[in-house]
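You will see two complexes here that share chain A, one where it goes with chain B and one where it goes with chain C.
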Partner chain A sequence: MDSKPTILGVTAGRPRPLSPNIQIYRPQLTSVLSIANRITSVVLSLGAVGLVIWLTAAAMGPRAYGEVQGVVVSWGGRIVLFGFTFAFFMHLCGGIRHLVWDTVHGFELRSIYISGWAVVAGSVVLTLAAWAASLLLAG
Partner chain B sequence: MIIESSDQVPRVTLLKRFPVPRNFKVTPQSRIEKGRTWPAPADASRLKAFEVYRYDPESDRNPRIDTFEVDLDDCGPMVLDALIWIKNKVDPTLAFRRSCREGVCGSCAMNMDGTNWLACTRFISDMSKPATIYPLANLPIIKDLVPDTTHLFAQYEIIQPWLHAETPTPEKERLQSPQERSQLDGYYECILCFCCTSGCPSHWWNGDRFLGPAALLQAWRWLADSRDEAEEERLDTLEDPFRLYRCHTILNCTRTCPKGLNPGKAIAEIKKMVIEREG
Partner chain C sequence: MRSPLARAQGLGSAKGGVKHWWAERASAVALVPLTLWLLGSIVAHTGGDYATVIGWLKTPLASLSMIVLLLALFHHTALGLQVVIEDYVHSDAKFAAVIAVRLGCLSLASAGVVATLQIAFSR
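This part shows the complex of A and B:
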């Protein structure tokens, strides 16, 4: 005899498996932009710490500021700053999209996709424009 | 690519699945193992491979993925036809729900090529090679493609999906103007297939307390009904950090609804109504 008790043929004590979710669900513009909004918010929080370090250094005097500024304008620093700028604009555009949704507008699937791609294009264009402007003005 | 309606199958694939490990957040009994490849039918000229999630509660084995070769010349055009073909011709133990075979009953909702839809209204020709068939995402599995939806129906019960009226029952029916009736369009058509709730990442992580798009769309269907007189009580039930506000407007629900309804919009309407009653 089987030692394990069964109910309607199902082995007792064995929990039912959970069907896969994130492991198999197809990434779509809807979910990808949602997680992007989360990730960019984390990046902005970390960037805010960087901003505080930069301001503190400036308040401490020319030597401390010079050292921090040296890191900021290095190639690595510029790449990080570029990513931070992109996160800033993407989160800004995504935030505006969410504000519009809160007024119950733009919920037709077509509008959802148009505003979604607009967020992607808008954040790329604004990032490049901000960098072009700062490089032209400040070098 | 702009998606105009939920029945559009995406034509471009950048990522088939999110870049997470296969067993990311998966409990030991839910780990999917390699299954068997069933022999292809003899002398068939047009074959298509189907990878199907299998789970047998009567064995001690974990879920697994079996591969079936379906003879397209011997099979109807829809994914449900392929499943019935497999059950008739290859493995009679394959379990799945089906009834109306025309997108009305919502029984055959499952995850096909990574998105939730009804097997009876998805063309085999729209499926990738191989086609992948899983049960609705994030649900306890009874057998193969049959999920346990008890929790989802319990959540549906929370919103009390019936008419609440204090005024005495009129002699005939409670009348509505055509305009009042039209407020229910796009909401009353829900067939409770739970494609949306099962496809909602917020419900994956907080499904124990977040009601999910299907129940919330129904909640709005009753809030929008001119004959219903329990708006305050309904909003009291819904106004909760989890029940309503775990919706982060991801909108996988609206993308996946096989009836082309808009749960995301319904939830936004509820949120607006909650704000407006606070004045």
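This part shows the complex of A and C:
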């Protein structure tokens, strides 16, 4: 048995041609937002782990809470928290856009671009508004 | 959601795709008010000390909201990460990865609920 197994005369093991993927196409608002929705979902999964760590520390007592809170309010922690806030609003706005699509509305090209830019603008404005409110309340 | 005819003819997927799709949407809708409540509460308690934060989490509304949030959040996370894994992992590791995500989400949700209850019933 010298010859490799074949399917329809094609030798197995040779790289098969693949259809063009994202590295071929020019990025567009639609594709970028689709990818952003997925990336933010994975980022927010890590944020959810952070929430549980924070709750557990709070339940353990003032010392454990103080240590976690120390990391949260450090500059590195604030930058990460700012990133989580933006990822949250991006995923929230993108998710609402998806829920509207699920009702079979907003599929015209014009509507897709309007809702797409609304997601971008909404995420930026809501993130800045949340941090402005937080900083104002902190005094 | 499959029509009786489609079921009888054996058409469509035999797996749980429709259930998965609906559960993802239902948890997403629940998370809209719940996550906004959490963010609003965190913003409102900026700079608050330990006693203030615990005082807030101890209120029945906050405890209940946090527990429902944790359940919806980790259910949504497990469903979403499963899709991500199924899209990129095509080896035998796929099954193990999905199980790991589910167990991880279950453990984290449980830990969060236990911590919330501990705070709620603390003196």
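The rule is short, and it goes like this: the second predicted complex is superposed on the first by the 118 of 139 C-alpha atoms of A that agree within 3 Å, B and C clash if a C-alpha of one lies under 4 Å from a C-alpha of the other, contacts with A are read in each partner's own complex, and residues count from 1 in each chain.
The definition used in the following text is that contacts are C-beta pairs under 8 Å (C-beta built on N, C-alpha and C of every residue); 3 or more make two chains touch, one makes a residue touch a chain.
From a predicted model like this one, the values you see are computed outputs, not experimental measurements.
Participant: Is A:117 touching the first partner chain B, the second partner chain C, both, or neither of them?
Facilitator: The answer is first: A:117 touches chain B but not chain C.
Participant: May I ask you to decide whether A:138 touches chain B, chain C, both, or neither, giving the answer as first, second, both or neither?
Facilitator: second
Participant: Based on the superposed arrangement, let me know which partner A:102 touches: chain B (first), chain C (second), both, or neither?
Facilitator: In the superposition, A:102 touches chain B and chain C alike.
Participant: Please indicate which partner A:42 is in contact with in the superposed arrangement: first for chain B, second for chain C, both, or neither.
Facilitator: A:42: touches chain C, not chain B.
Participant: If you stack the two complexes on chain A, which partner ends up touching A:17: first (chain B), second (chain C), both, or neither?
Facilitator: In the superposition, A:17 touches chain B alone.
Participant: Return the residues of chain A at which the contacts from chain B and from chain C coincide.
Facilitator: 98, 102
Participant: Enumerate the contact residues on chain A facing chain B in the complex.
Facilitator: 6, 9-11, 14-31, 34, 98, 101-104, 107-110, 112-114, 117
Participant: Which residues of chain A touch chain C once you look at their complex with the stated criterion?
Facilitator: Its residues touching chain C are 38, 41-42, 44-45, 48-49, 51-52, 55-56, 58-59, 62, 65-66, 85, 88, 92, 95-96, 98-99, 102, 130, 133-135, 137-139.
Participant: If we count contacts the way the header does, which residues on chain C are in touch with chain A in the complex?
Facilitator: 25, 28-29, 32, 35-36, 38-39, 42-44, 46-47, 50, 53-54, 57, 66, 70, 73-74, 77, 80-81, 84, 108, 111-112, 114-116, 118-119, 122
Participant: Going by the contact rule at the top, pick out the chain B residues touching chain A in the complex.
Facilitator: Residues 1-6, 10, 14-18, 20-27, 29-30, 32, 53, 55, 57-58, 60, 62-63, 111, 113-115, 132, 134-142, 147-148, 199, 201, 204, 248-252, 254-255, 262, 264-265, 268-269, 271-272.
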